[in-house]
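Letters A, B and C mark the chains in the order given here, with residues in each chain numbered from 1 onward.
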Amino acid sequence: MTINNSVQADRTKLTAGGIAEYLNAELIGDPELVLTSIASIQQAGAGSITFLSDRKYLSQVAQTAASAIVLQAEFAQATHVTRLVVDDPYLCYARLSRLFAPTVGKDIIHPSAVIADNVAVSSGVSIGANAVVEAGAQIGADSVIGAGVVIGARARIGDRVRVHANATIHYDCVVGDDCEIHSGAVVGADGFGWARGPDGWEKIHQLGVVTLGDRVSVGANTCIDRGALGDTRIESGVILDNLIQIAHNVHIGENTAIAGCVGIAGSTTIGSNCTIAGGVGIVGHLSICDKVHVTAKSFVNRSIEQPGSYSSAYPLEPTRSWRKNAVRLHKLDSIARVVKRLEKQC
Amino acid sequence: MTINNSVQADRTKLTAGGIAEYLNAELIGDPELVLTSIASIQQAGAGSITFLSDRKYLSQVAQTAASAIVLQAEFAQATHVTRLVVDDPYLCYARLSRLFAPTVGKDIIHPSAVIADNVAVSSGVSIGANAVVEAGAQIGADSVIGAGVVIGARARIGDRVRVHANATIHYDCVVGDDCEIHSGAVVGADGFGWARGPDGWEKIHQLGVVTLGDRVSVGANTCIDRGALGDTRIESGVILDNLIQIAHNVHIGENTAIAGCVGIAGSTTIGSNCTIAGGVGIVGHLSICDKVHVTAKSFVNRSIEQPGSYSSAYPLEPTRSWRKNAVRLHKLDSIARVVKRLEKQC
Amino acid sequence: MTINNSVQADRTKLTAGGIAEYLNAELIGDPELVLTSIASIQQAGAGSITFLSDRKYLSQVAQTAASAIVLQAEFAQATHVTRLVVDDPYLCYARLSRLFAPTVGKDIIHPSAVIADNVAVSSGVSIGANAVVEAGAQIGADSVIGAGVVIGARARIGDRVRVHANATIHYDCVVGDDCEIHSGAVVGADGFGWARGPDGWEKIHQLGVVTLGDRVSVGANTCIDRGALGDTRIESGVILDNLIQIAHNVHIGENTAIAGCVGIAGSTTIGSNCTIAGGVGIVGHLSICDKVHVTAKSFVNRSIEQPGSYSSAYPLEPTRSWRKNAVRLHKLDSIARVVKRLEKQC
């Protein structure tokens, strides 16, 4: 099941029975119980529904003040409150969270929004105050464009897309269905292309675009540059956290997840179903295969041809010992040579 | 003394005597001397006031062209210009700098700003051109909202807050008194919460908010994500530089200072009075105690239970030697094994 | 030759002969051939012009579907399509790319833009929808200010400058001629200056500005802070990629290029003609001489007095071996001591 934006329940009518049906859960308890909020096991109160997705919180279940809990069958006896028994409580939490999210205004074009004459706006679209949609852009059905957003000329925005306040999508870029672009994100700024000329750098005009597939999420203040000649392409299901830099002509495969503060240099290809942790830097013109995990703050300085986990980061230590070790690091090659010589001698 | 926004002197009337009173300084020289600018010892000219906060500039004091200087008693004989003798010249420089800062327009709601009907705007508030304040938001007394800012529905902004041009504060978030939010900052975008579903990532809607205490400063293009279930909380007196990523449910204690380009992953707790230098990455679900200093570009991959200074960063060297050492780094474990064996043998 | 914004050809009339003249190239083939697009050797089709700038693509030249190619004399026999023979095909590609870039609207002040009464707008200026130009600002001839941009009071913008959607330039800052400021960039936010007071941090008001020379490019969401007392200065020809942090009072010399996600702390000076790769962190108060190259993700923790290439980054390895090596790293000093002792013994 893919949940889409149209599944928005009326929160005053959320009952244990209704939720059990929505989650395809087995219900143990009162189907008429009204649930008004979702909370963690520790913070839940009366009227809350909670969930047990990690065995380490099992001991807290008996004490929770929640009125209902989502959990697996093997833990169903840990409490006597209303239970919704499912296979994957964490996934069910994700689906539940949707029911408690605030409803977004629909079908309201704020009069202060500036929409060029020849823009194609589909039904159900909402456009916020002081947003700007430039000539020739298209906005698909039920999409929500936030206040202060700028959509460039001829950009094509799919159905059920959310573009949050003050994001920018540049001319000719393409955003698929069910995407979400957070505030301050910049999609389609010029890639960083320059040639050395006799009097300094000469700009290479960036003639490609950015294409986002369906269900792509772009975090706040993340930048995805337009391609130099071809395009920068982010495939369907990719999720990008905040403050990520994706340079021109990068290609990211389906369902890859990238955490905050990652930088990916130009023309690098990343496979599908990868997970790149926060703060990683990836140099340009590399190829990373499917199902690669890179741990936080690593420096990816070569292509990766085998799925698996990769790392590179000097781990933390007290500054006093770091100072001593760091000095030795600069002598590591000569230390290694001595060790080799001693090994032969002894 | 906490200096607040209402202490804004008329620069044409700043005299050595008035400043001495403001700084609680002992004056040696002419109290009627008019001072029109503040400058460093080297760049000061006639009409400038300067300050000596670091002994290494003492030799330059005799040559300064400044008309007045703030310094400690022990250095008062280093010059014959008008002197303001204080205990902490650097702190006095901070307080002096306020007097020379440009005055901000007050009590002006620009006609192009879009303010929903049910917004509570207190007295003395200024709202810039093309700013947007959504339904149910509150803006406290004497706050200044810059051009192009978007304040989301029901957000509560305290008194004497400054939100600079093109910043975004999302729905339901809370900003305390005397905070400053710089341009492009995004407070309250969705945290990066996802569950794996059968067809890819399913979004965990982020139902918490961001709460900023009083006197919090948020740098340009810094992102602070809203909590997943509970809130992301930044306590009073925290100062955040530019381009910082603070993920959902992070908690930062009072008066902690964080420099630019730091990333803090979800649910990590940082104590009070910490100083985190630039470019540091901190993984999620950690706990860092009070009074910890982390040096620049470190990777904090574990909790810290003892105050003190911590580091992790391969220090710079010529690329040629770095290449040799980096190769050895990958063999470090086997080098260490050889050393251990040799130690036993010899 | 420096190409400026006024060289904008009519794409329907681009012929091989016209382009050869523009590039100062020797033409082998039909001067009347009309060229409608530019593409890579692999992606080019009929009507495209392509270029060979890297010998490794030479084998593909014979198969290209391009109608024309820019290349060096030594490779002119590799194909029979129309050829433009030049010395530097990559530089010519940069110059060609300009001809195919979309034309920007000129001399249009959108009625929704808010321009204070006493702003000086030169001829040929375009100002986008919902942009804001505050009191006393100046905008030079033929400059293009994008939608949602905020230009602060008394800022001075040169001729032929492009400021893209949702960028912010703060009060009193100076932007030279032919600069380009990308979306979300923040020029002139407050530097991160604080003094410790008895009740916490007290702000040092940032009284300097940012000055950009001519032909400076500032990437999307990049931040350049205003100076504390003196100014932050970026000299002519400097090119900055996205998501870069440049702190107060930094000085960057002419034609230096800085890639994405770099952070430069306060008061550091970088020479001219440097190239700083992505993800580098540079601590404050350093001095880096001319013609320095720093490789990606390095940590510059000391001044650099000799031109050359510098590095510091733990290179990638499988997580399994990284774990073993990282543990040894913390013992490196004691390993080195043992090696030294053994060396004496043996």
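As a working rule, contacts are C-beta pairs under 8 Å (C-beta built on N, C-alpha and C of every residue); 3 or more make two chains touch, one makes a residue touch a chain.
Everything numeric here is computed off the predicted structure, so don't read it as measured data.
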| item | value |
| --- | --- |
| Interface sides of chain B and chain C: same vs different residues, half threshold | different |
| Chain A onto chain B, rotation angle from CA fit, given as a multiple of 5 degrees | 120 |
| Interchain centroid distance [CA atoms averaged], chain B/chain C, Å | 26 |
| Overlap residues in chain B, where contacts from two or more other chains coincide | 112, 130, 148, 166, 184, 221, 243, 261, 313-315, 317, 329, 331-332, 335, 339, 342, 346 |
| Parts of chain A lying in touch with chain B, wherever the complex brings them together | 1-3, 38-40, 43, 88, 90-91, 93-95, 97-98, 100-102, 110, 112, 128-130, 146-148, 164-166, 180, 182-184, 215, 217, 219-221, 236-237, 239, 241-243, 254-255, 257, 259-261, 277-279, 296-297, 313-320, 322-323, 326, 329-333, 335-336, 339, 342-343, 346 |
| Chain C residues within the chain B interface of the complex | 112, 114, 130, 132, 134, 148, 150, 152, 166, 168, 170-171, 184, 186, 189-190, 192-207, 221, 223, 225, 228-230, 243, 245, 247, 261, 263, 265, 281, 283, 293-295, 298-302, 304, 308-315, 317, 321, 324-325, 327-329, 331-332, 335, 338-339, 342, 345-346 |
